[in-house]
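The same subunit A turns up in both complexes below, where it pairs with subunit B and then with subunit C.
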Partner chain A sequence: MAVIGVALVRLRDLFGVVMLSGLFTLTAASLYVVMDAVDVAFTEAAVGAGIATVLMLETLALTTGREKVTRRRSLAPFLMVVVTGAVLIYGTLDMPRYGDPGAPIHQHVAPRYIEESGREVGVPNIVTSVLASYRGYDTLGEVTVIFTATAGVLALIGRSRRTRRRKGSQTTGGDQDAR
Partner chain B sequence: MNVLGLYNYWIVVVLMMTGFYVVIAQNNLIKKVVGLNIFQVSVFVFYISMSKVKGGTAPILDPGIQVYGNPLPHVLILTAIVVGVATMALALALVVRIRHAYGTIEEDDIDAQEEEP
Partner chain C sequence: MRGNIILRVASKLLIPCILLFALYVQFHGDFGPGGGFQAGVIFGSAFILYALIVNIESARRAVPAVVSRVALALGLLLYAGVGVAGMFLGGRYLNYSVLAEVPTTGQHLGITLIELGVGITVAAAMITVFYVFAGEER
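Up next is the complex of A and B:
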């Protein structure tokens, strides 16, 4: 994944950048399978790697496929990134180890979900029962955000020109699929 | 050897800094959106890696299984992925509008056009 990331920084052809971005997300999805998050992997592969790539390609079709060639190299952003990364790595030294069953995250409410959700909700997939039942308000908030984003996209590019109207409705169609 | 158990966080930090660098150092607006996407995926990986339990399986109930991964981060990230795509659609729509208004999606060109009257 890091290799793909560096290639993304170097590449100047925007079509290639978008394709690499899709590949990056797909790699992340397979990483989720390794870490036992199968539902997340499904969603990431379908929504993250599929719909996001389609949206980006549409934007490329509406704008331009080449990045401008001038490139002033400056050291300041790179230094800033290195310093921030060093501080973050220093911050991880206090974190629980990978896969540790005694980590604080596994102590609070998660055991209750694992033990009781089968009886209380009756769905074998715990992720589904938490998403739809215990934390249904989160999903309501998610739908609100998607509605706002759809309204924003329509307001921005929906009514500018007749040719653009067609594209705008396609973009929001992608949003509704995502929901 | 104790410190090596933190490698998942280090991977996340490297990915996150790659995205951060793209956002602050690149001129092209679409590339900036891609950088934000990388940053976002790194946060997802961070959450999912926290939910992993050694020897556990996917959180789907089965009588023969005792140890499950933590389902709560999975739910949060499911929501976050969909929201992330919706906000990315909004950002790309903004890029399309900027291209209409200025005829370019390079940041320094836009700045130059802003400075001359």
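Up next is the complex of A and C:
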């Protein structure tokens, strides 16, 4: 993944960048499978590697395939990245070992979910019962986020063809103004 | 890509399988990995594949933009509506146990319904965003 990351930064051809970022998410998805998080891996592969790549390609078709090269090199962004990375790594030092049963996250509500979900919810997949039942509010929020995001896209660039054509016929400039 | 016969034939074979797999992921999410989010994405991707291989106009005929926009809101309403239905039946908001005689049956029903709502919204969102992007000509 680190190799792909470096290649992403170095590459100037945006088509290659999109392909590589798809590869990056696919690698992340297989990493989740290794960590036994199948549900997350599933989502990552479908959304990250599939849909996001298609949407990025669509965007490329609308804009341009080459990155604008700036020759100016500034130190501030580099410093910011290094400091943020160092803080993140410092933060992981305190984390319990992966899969440690004594970790705080496994002590809070997780045991109750694991022990009671079979009786209370009766759905074999605990991930589903937590997602949809115990954490129903959160999932509702997520769906609302998706709805709002799509509504935002529609509001920004989603004017229907009919209104665009009508506007195009009204303005003297024709097509150019309608966009 | 209208003339590319290999792509057309292969996608013709693939698209029904993708749709079927999406439905499997949708309704089998209680037992295995998967659920509304993943199923919605897979379902939407089948239409996106169709639009990419054949053309966007035929895809628009299959699922008009109005339908996908209405479905976008409908899924969210279904989710929220299940919560309100639980409230009317004497429970708290989004408590599915009151939806049926047996609490676990109610939970099962509620989860299936809200996952369906999630799936509808996500699939509609994918298709809508794709249409919007594809409709913008250079």
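Please note the rule applied: the second predicted complex is superposed on the first by the 158 of 179 C-alpha atoms of A that agree within 3 Å, B and C clash if a C-alpha of one lies under 4 Å from a C-alpha of the other, contacts with A are read in each partner's own complex, and residues count from 1 in each chain.
In the analysis below, a contact is a pair of C-beta atoms (placed from the backbone, for glycine too) under 8 Å apart; a residue touches a chain by one contact, two chains touch by 3 or more.
Please read all numbers here as calculations on a predicted model, not as lab measurements.
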- [ ] In the three-chain superposition, say which chain, subunit B or subunit C, touches more residues of subunit A.
- [x] B
- [ ] For A:S133, select first, second, both or neither according to whether it touches subunit B, subunit C, the two together, or no partner.
- [x] second
TODO: Report for A:D39: first if it touches subunit B alone, second if subunit C alone, otherwise both or neither.
DONE: both
TODO: Go through the superposed model and pick first if A:F78 touches only subunit B, second if only subunit C, both, or neither.
DONE: first
Open item on the list: I'd like to know which partner A:L55 touches here: subunit B for first, subunit C for second, both or neither.
Closed with: both
- [ ] Check the residue A:N125 against both partner chains and state whether it touches subunit B (first), subunit C (second), both, or neither.
- [x] both
Open item on the list: For A:L23 in the superposed arrangement: first (subunit B), second (subunit C), both or neither?
Closed with: neither
Task: Footprint overlap on subunit A, comparing subunit B with subunit C - done: 38-39, 43, 47, 51, 55, 58-59, 62, 124-125, 127, 131, 139, 142, 146, 149-150, 153, 157, 160
Open item on the list: Residue numbers of subunit A touching subunit C in their complex, please.
Closed with: 38-39, 42-43, 46-47, 50-51, 54-55, 58-59, 61-62, 119-125, 127-129, 131-133, 136-137, 139-140, 142-144, 146-147, 149-151, 153-154, 157-158, 160-161
Open item on the list: Show me the residue ranges of subunit B that touch subunit A in the complex, using the header's touch definition.
Closed with: 2-3, 5-11, 13-22, 24-28, 30-31, 33-35, 37-38, 41, 44-45, 48-62, 67-79, 81-90, 92-97, 99-100, 105-106, 109
Open item on the list: Taking the touch rule as given, give the residues of subunit A at its contact with subunit B in the complex, in rising order.
Closed with: 1-2, 5-6, 8-9, 14, 17-18, 21, 24-25, 28, 31-32, 35-40, 43-44, 47-48, 51-52, 55-56, 58-60, 62-64, 67-68, 74, 77-78, 80-82, 84-85, 88-89, 92-93, 95, 97-101, 103, 105-106, 109-110, 113-114, 117-118, 124-127, 130-131, 135, 138-139, 141-142, 145-146, 149-150, 152-153, 156-157, 160, 164, 167-168, 171-172, 174-175, 178-179
Task: Residue ranges of subunit C in contact with subunit A within the complex - done: 25, 29-35, 37-38, 41-42, 44-45, 48, 52, 65, 69, 72-73, 75-76, 79-80, 83, 94, 96-97, 103-105, 107-108, 110-111, 114-115, 117-118, 121-122, 124-126, 128-130, 132-136, 138
